[in-house]
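Same chain, two partners: chain A is paired with chain B first, then with chain C.
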Partner chain A sequence: MSASQSAVRSRAEAVQVSRTFDWMILFTLFTAVLGGYHIHYMLTGGDWDFWTDWKDRRLWVTVAPIVSITFPAAVQACLWWRYRLPIGATLSVVALMVGEWINRYMNFWGWTYFPVNICFPSNLLPGAIVLDVILMLGNSMTLTAVLGGLAYGLLFYPGNWPVIAPLHVPVEYNGMMMTLADLQGYHYVRTGTPEYIRMVEKGTLRTFGKDVAPVSAFFSGFVSIIIYFLWHFFGRWFAKTDFIADDAS
Partner chain B sequence: MAATTESVKADAAEAPLLNRRNLTLGIMLYLVFYSFIRWYEGVYGWSAGLDSFAPEFETYWMNMLYIELVLEVLLFAGINGYIWKTRDRKVMSITPREELRRHFTHWIWLVCYGWAIYWGASYFTEQDGTWHQTIVRDTDFTPSHIIEFYLSYPIYIITGSASFMYAKTRLPTYQEGLHLMYLIAVIGPFMILPNVGLNEWGHTFWFMEELFVAPLHYGFVFFGWAALAIMGVVNTEVMAITKLLKKDLA
Partner chain C sequence: MKIIKDKVAKLSFVALLITMTAAMFYAPTASAHGEKSQAAFMRMRTIHWFDLNWSKEEVPVNETMTISGKFLVFAGWPETVDKPEVSFLNIGIPGPVFIRAGSWIGGQLVPRSVSLELGEVYEFKVLLKARRPGDWHVHSMMNVQGGGPIIGPGKWVTITGSMSEFVNPVTTLTGQTINLETYALDNVYFWHAVWFAIAFAWLLFWIKRPLFVPRHIAVSTGKADSLISAGDKKVGMLFAVGTMVIVAASMGATNEKYPVTTPLQAGLLRGMKTYQMPEATVSVKVDDATYRVPGRAMQMTLTITNNGDSAVRLGEFNTAGVRFLDPAVHEDETAYPDDLLAEEGLTVSDNSPLAPGETRTVEVTASDAAWEVYRLADLIYDPDSRFAGLLFFWDENGNRQLVTVDAPLIPTFI
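Presenting the complex of A and B:
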């Protein structure tokens, strides 16, 4: 192509072309991130996300933030550092949650008839918004990782509390004490997940008595900091524009 | 550039930069097709998909598997063969406007690729989770697998490879060599399909339950990360398009 020639005939056309590309890019980024993030999240934290009787005070609180801070960190690494768009984490999480909600409604309920109030997804949005705000205000990867990562872990349980609290109230059923969420699990038998592989409230350490969730959240926040750093660099790597020589193959 | 009578006539005659009809058709094609598939699952999953030893399972599900496998091979060869056969042998000498038009066509492919990834990696993959909680696993070719692994994954593989092939054969931007992130964005999700081999082997021999977070599934996770490489493609495209526009858009 000629080095001096523009492909458009006016500034107005250039603006129109640019805006059209913006929408096409946004759609593709949204759906591709949705696909990659969803397959990652459902296979690293999915069981805790699928069912209310897996949403306990210990492992759900620990696992979900750690495995879900990954894509937000990576997408931030591209969108902020290249385009100054402070939406990487929120975009990723909104994409994931759109995919999850469509699925829980259309398939978990629509195909196999699990009520939505046993299989709704966890809410990851508060943490994602905080990650983006910290990055935007601080313009620092380190600050976002340390402060944002910790906040991401800490905010997870409060962010889900209004939804999960009614299902954590105790009930007595056939002489046994359990939560309402447990009771849902008893009634909606899942053929692929028998009770012996349900991972909830594992471990014996009860030093902190009733304060299981805060301890789990702090630990989750701590690991989220490390995972943020790691995935920030993954994101940078995935944003590269390098070519390899054709004959290298 | 001065607007002469000739140039105005040329503008009216030339093809639009973005073929909106093709874009809409592309998106609608996947939407309508997968809506049909979802309806088929809803009806025949329950009526003919619960027992793989039943004759109706062969009729409604195994025959579907055989047909889709044949069609996918033909589609892959046909689409990629066509794009390769009709490649531009003088790709470096096209006009900037033609190059911009091709970038738009390329983005129609990428939009379809993202859309296909959504259906495959999100919609039908998580859907498989709930089917396994509903039936007793008695075959590797359970209805949700026939749709997820052997239909939706090949469809995004075909779309992704076609998109890559289009870029490589028609856009000057991609003549420098092989774009590493584009390769990863296409080959990574493709590798999810061979990884089904590991999944089925594990589920067949030692793990009959469907714990989604089981390490047996981590191969899918690893290759799913490759979807992030779309960011490298976006960055390359943004640079190329900015260079073509040569306008201050602020």
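Presenting the complex of A and C:
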């Protein structure tokens, strides 16, 4: 076979090879995103995502969407503008959460025996699905950043509330009131995570009484818009073909 | 020749793989907490733990034990470590092998951080409930914001039984008694499973069709719009609206199911009750102090004055949790960890009773392998080469008094 001859001999074979490529690329993309996104999120979200006694109404709500909209925006940029595939955000977040669940179950529980009910990951999937659909329907980076970024921030807290609410039931313990999540953090000893490291309920947002979570979510949504733009451009830059072709597009 | 080189290269690669694989199978349990690696000056000049007691050496799962004692927040706290204005009484154990059922400083529960005063002594107690069987090194520990973990003495404790039998019952303010070990776990799995299912459905909707090669060709040839059909958009709308409806409905249902919830609690506890040690009537001046590297011995020249009304003798020098005793004066009866106890490690040139009003200059030698084993000798490589510790004197009636010492240390290498 010479270099000018095709590697496939029929359309059926071409389709088969194409699908094989699909699965290979999808698997590679999934695992690469899982690794990269996981490291990124653990470094930037870290303890806010690890422990229930960090998941507060202010900083967790604010920080988690801002630092997690990064890879979804970048992968969307690649998959949408190159392939018109509106799955970048969902694929990224599924990869992240699969990685997180492996980590929490194998490491946090399997190695160090923290109960899973103290160290489960945050749920980022509702925001990711909406982000993908907005990109598909609007076919616009600006619209996705503004509407999608805002929705990503706003959906985070209500999307997690059904999971964390039972752990916010109060308990009286030796004369002090705390939530069950606080009690988990106290009971299950973390030698390297003393209580003062927790960044919960800190800040100057005091004029909204107990209804601080929606305000935090709005703020998170606004910042997520900016971060979306930034990482969308990162994604576009990485999706260039300059590295492999002379006639780069 | 090339064939031989190739074979050697291949075999080397195989050997490397085998070595790496073998290394993966050897993963011994980590049983220490880096207590020996912490800078010696930090252990000697920050928190001095004493009168420690581990109530049990063996404890079955679900049973409790306590660590109790006192700690002195050293007045000569090093400048290179932040002051203990925000601190947390912790326990050095390898993960939650025990749960911390309670911890108290001066009788006050301290689930939160506390502010400590330099030069004060505090009494503490930690109640631990056994959870995971094994032999565990259990340390007292104080985390200091800006200073890091300051680990105290550790003792081996054995937990027997089965972890599957461990329960952690808690009664909430809404009157429900739950097992915190497994509480709400089904709920966590359920909601994550629901959202994973929805996300996988969305992904499956797209990846079941040809993906990268044909779609890239279409986009490159200007036919990108043909790749998203009206049906795709309808399905997308369904997913977006469905997502928002599920989020709203689940939140509403959760609020109905859990009408009473409170925010996470946080704060700093100030004004902790201190422990009043008996007033010291002995004063000690350190004339000089040297550490003899080859002999693993620290020698101090002390000028001791007894201002009390009863003769006293020096019985113990305690630094970084290592206790050097003069058995003629004091013997340990608390089953203190062997590796931290030099039962005959303290020698005083003249340890006859120091009469009231008398001043005497003595050579005090604290020698034991613990200097090396606990890497306290590394003090000479620290940025602030001073030593510090607690001296305990006993009078004729068995009363004890505590005096702190803090002075420069000069190493001798010959």
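Convention: the second predicted complex is superposed on the first by the 235 of 249 C-alpha atoms of A that agree within 3 Å, B and C clash if a C-alpha of one lies under 4 Å from a C-alpha of the other, contacts with A are read in each partner's own complex, and residues count from 1 in each chain.
Definition applied: a contact is a pair of C-beta atoms (placed from the backbone, for glycine too) under 8 Å apart; a residue touches a chain by one contact, two chains touch by 3 or more.
What you see is a predicted model, and the numbers here were worked out from it, not measured in a lab.
Chemist: Going by the contact rule set out at the top, does A:T28 touch chain B (first), chain C (second), both, or neither?
Modeler: A:T28 sits against chain B, while chain C stays out of touch.
Chemist: For A:W161, is the partner it touches chain B (first), chain C (second), both, or none of the two (neither)?
Modeler: second
Chemist: Touching A:G192 in the superposition: chain B (first), chain C (second), both, neither?
Modeler: So A:G192 meets both chain B and chain C here.
Chemist: In the superposed arrangement, which partner chain does A:R82 touch: chain B (first), chain C (second), both, or neither?
Modeler: Touch partners of A:R82: chain B and chain C.
Chemist: Should A:L183 be classified as contacting the first partner (chain B), the second (chain C), both, or neither?
Modeler: second
Chemist: Between chain B (first) and chain C (second), which does A:V8 come into contact with in this model arrangement: first, second, both, or neither?
Modeler: First partner only, chain B.
Chemist: With both complexes superposed on chain A, which partner does A:H40 reach: first (chain B), second (chain C), both or neither?
Modeler: first
Chemist: Using the superposition on chain A described above, determine whether A:T112 touches chain B (first), chain C (second), both, or neither.
Modeler: After superposing on A, A:T112 lies in contact with both chain B and chain C.
Chemist: Residue by residue on chain A, keep only those touching chain B in one complex and chain C in the other, then list them.
Modeler: Residues 15, 18, 21, 25, 82, 111-112, 114, 190-192, 194, 197, 249, which sit in both footprints.
Chemist: So in the complex, which bits of chain A are touching chain C?
Modeler: Residue positions touching the partner: 15, 18-19, 21-22, 25-26, 53-57, 81-87, 90-91, 93-94, 97, 101, 111-117, 120-121, 123, 125-126, 128-130, 132-134, 136-137, 139, 155, 158-159, 161-163, 165-184, 186-192, 194-198, 200-202, 210, 249.
Chemist: Please name which positions on chain B make contact with chain A in the complex.
Modeler: Touching chain A: residues 1, 11, 17-18, 23, 38, 41-42, 45, 94-97, 99-100, 103-104, 107-108, 110-111, 113-115, 117-118, 120-123, 125-127, 129-137, 172, 176-181, 184-185, 189, 192, 209-213, 217-218, 220-221, 224-232, 234-239, 241, 244-249 of chain B.
Chemist: What residues of chain C sit close enough to touch chain A in their complex?
Modeler: 33, 86-88, 90-102, 109, 111-113, 131-132, 141, 143, 145, 149, 163, 168, 170-174, 176, 178, 180-185, 187-188, 191-192, 195-196, 198-200, 202-203, 206-207, 210-216, 218-220, 224, 227-228, 232-233, 236-237, 239-240, 243-244, 246-248, 250-251, 253-255, 257-258, 260-266, 268
Chemist: Touching residues of chain A toward chain B in the complex: what are they?
Modeler: Counting only chain A, the residues touching chain B are 1-2, 5-9, 11, 14-15, 17-18, 20-21, 24-25, 27-40, 42-48, 50, 63, 71, 74-75, 78, 82, 99-100, 102-103, 106-108, 110-112, 114, 119, 190-194, 197, 234-235, 238-246, 248-249.
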